[in-house]
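Here it is: the structure, laid out below.
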């Protein structure tokens, strides 16, 4: 429905960027309570495999399969969330990482879902873009609501000082479990959407780097506001595309200008550099990460910067 | 038969230990998970490879070259992604090292290509039979270098002034500074030592596996983390022993149960340790949380 | 000194013991706190007073002994549940939420009463019609403002908690604790770092809190304040109770004076 006007490439790009954005929110949910999880790829895998089994092997409709994938993922999320309650920092990082890797190993050795050959032939869904956009809108609304409510404040307080929050009567256990489970559900949904777009998944599809990228979207976009995850995903997915189109623009430069030395060398290296296949895109990512952590560790969008935007907006209206 | 497996286990374990040592040294001193350490390991392997194939060097020069190159890489890492990053936000240093990981790994892919590259034979293969055990000269070489490194490091940490300074900084930054320790210098030294050792480990791994790829860093990184945790965060001795232990567990479980399950065991161990003995087998030696 | 408003016992401590390795932070402590009293707990540094608060709030668990609050034993009840039962505290080294505003900090205290269940909180957040503040939210805000006015912080309501001067941060901690509607309030060295004028103010505030019907246990080093407002004082040293009674009795107790010898304290 939504993507009919777009060509296949753009459509695919938007869908995967959108799935990334959804996955970003799966990191954001536990992160609001201070739980840093590097295991969201594992929950994506659960949702992906579960929904794929339902649609491919049992013919269950896409939407139901996605919902089931999310719920199963959420249940597992709560199970993992229990031990996660009492460990923090690097230990939680390692626990979630370990969980994600164990899921990978299970996917590798369980032949019913493809084993080493992977899961082929997942039914492609043509309405994925609609689902993706719809889900992103729902997530933004959901987190906007939560953030403005007392529950959101409680989550913030847990993030800032867990012990003090507990002593002030905040039900830290239930709220952390809720946040962790919510993150797992969202990741499961993202994974399910991915499976039905890529039509092939295997044990290496949802690897550590995926968890890392999800973390990056939130950290770069801004971890203290609900606009952060989608903004971060948008920016980091857009950069290679922008650079790719820059290269296309470069080809407009008339040949005469670049036929001589050094211009031809400069032109060639620029052209080469902008040829952003995977490795170079990722080098840029890495550099961006480092630079951001040095100069703007809170991410691109912070509560303050958003307030200032609103302030300017209001000022302009009253001017 | 079991002796072959034990030797294989020791070799795999030695590799894990050498990587974990760097991790745990750095974590002990900075409370930082230096994610890029796995990539340093990988770069060491490639430096060794090119020294041998392009430079015609012998294996000893290759090892030394890898060590030096990686030590330099460690210094770069400190100045680029550790020092400039504010420690106030606990996630920021971790993420900048993740960024560094991504940069190094993809630079390697870009420069060396994404394929596996064969590691040339540099040691004359000769088999020795000692009772029921058959061990090759290659295996002896690898184990000898690894153990020598570990012993040297152990002596360094326990007997030298800088080693004491490292231990003091791992204990508590403020106290160490009061005792006249230049904390920044100590951090730099731990990076240099840890990275250098990882570089050597990379070359050794190349010899053992006869092939290296730019993707080998990530696997080493994850296993290194598990070993570090198993041995106790910040505990160098623990890392050495835990690495050998994990290597043996992996080889034995893959021999007697199955190869895909071997990773499963490592991660199961990781989770059990996290839940029931997060201080590791030998206890943590790290900066007190503020 | 005042008589207890009622003769009900708010808190009973029996044989409370807490060890850290070989060191006894609290050793077989027995005491009773009467409802409506301001009960002070004093003793030289390291005597075990903050440990006592940590045990009461459930942050630490005792090695042996019983705590009976409002007729019910506390046992292994989680800290958040204890707050629901009516125990609140402030912290010796101020633990405010650094990025919350003043009024948000107080509203955190109210959360547990307004939303005892996570699902209720979530559904309220999600199903609340947009652009109109929930009834609960408005009530919470009104109560928070009332508490802030009670403590003289109302005009700073939208400032970040970490931007307040030290004395006001302490008052904010009290407001936050009061927001949980406690029956028993534990004050951990509220006068630390305050000048005499601020301590006078504190005296007044604590008394007014007691007048609202809240029992107070006060851990404090400022002896003038302690003697001035306490109804009853328990003295501990090395985890053991060495004296107990009304202020004038404690002031003249030779055992107490000896325990404080070497400390720069004027009884």
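Letters are used for the chains, namely A, B and C, taken in the order the chains are written, and counting of residues starts over at 1 for each.
By definition in this document, a residue touches a chain if its C-beta (ideal position, glycine included) is under 8 Å from a C-beta of that chain, and two chains touch if they have at least 3 such contacts.
Please read all numbers here as calculations on a predicted model, not as lab measurements.
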Query = What is the touch distance from chain B to chain C, in steps?
reply = 2
Message = Mean of the CA atoms for each chain, then the mean for all of them together: which chain is nearest?
response = A
Key: Centre-to-centre distance between chain C and chain B (centres being mean Cα positions), rounded to whole Å   = 50
Note = Taking each chain's centre as the mean of its CA atoms, chain A sits from chain B at a distance in Å of 30
Remark   = chain A and chain C have mean C-alpha positions lying a whole-number Å distance apart equal to 43
Task = Using the touch rule from the top, collect the residues of chain A that touch chain C in their complex.
result = 142, 145-146, 148-154, 156-157, 160-161, 163-175, 178, 224
Key: Interface residues, chain B side, partner chain A - complex   = 27, 33, 80-81, 84-86, 89-96, 98-107, 109-110, 114, 218, 222, 225-226, 229, 233, 258, 260-261, 263-264, 267-268, 270-271, 274-275, 278
Remark   = Note: in the complex, chain A contacts chain B through residues 36, 83, 87, 89-91, 93-95, 97-99, 101-102, 105-106, 108-109, 116, 208-209, 212, 215-216, 219, 278-280, 282-283, 285-290, 293-294, 297-298
Message = With touch defined as at the start, can you tell me which chain C residues reach chain A in the complex?
response = 57, 59, 78-80, 83-84, 88-89, 91, 95-100, 104, 107-116, 118, 121-122, 124-126, 128, 134, 136-137, 140, 176-177, 180
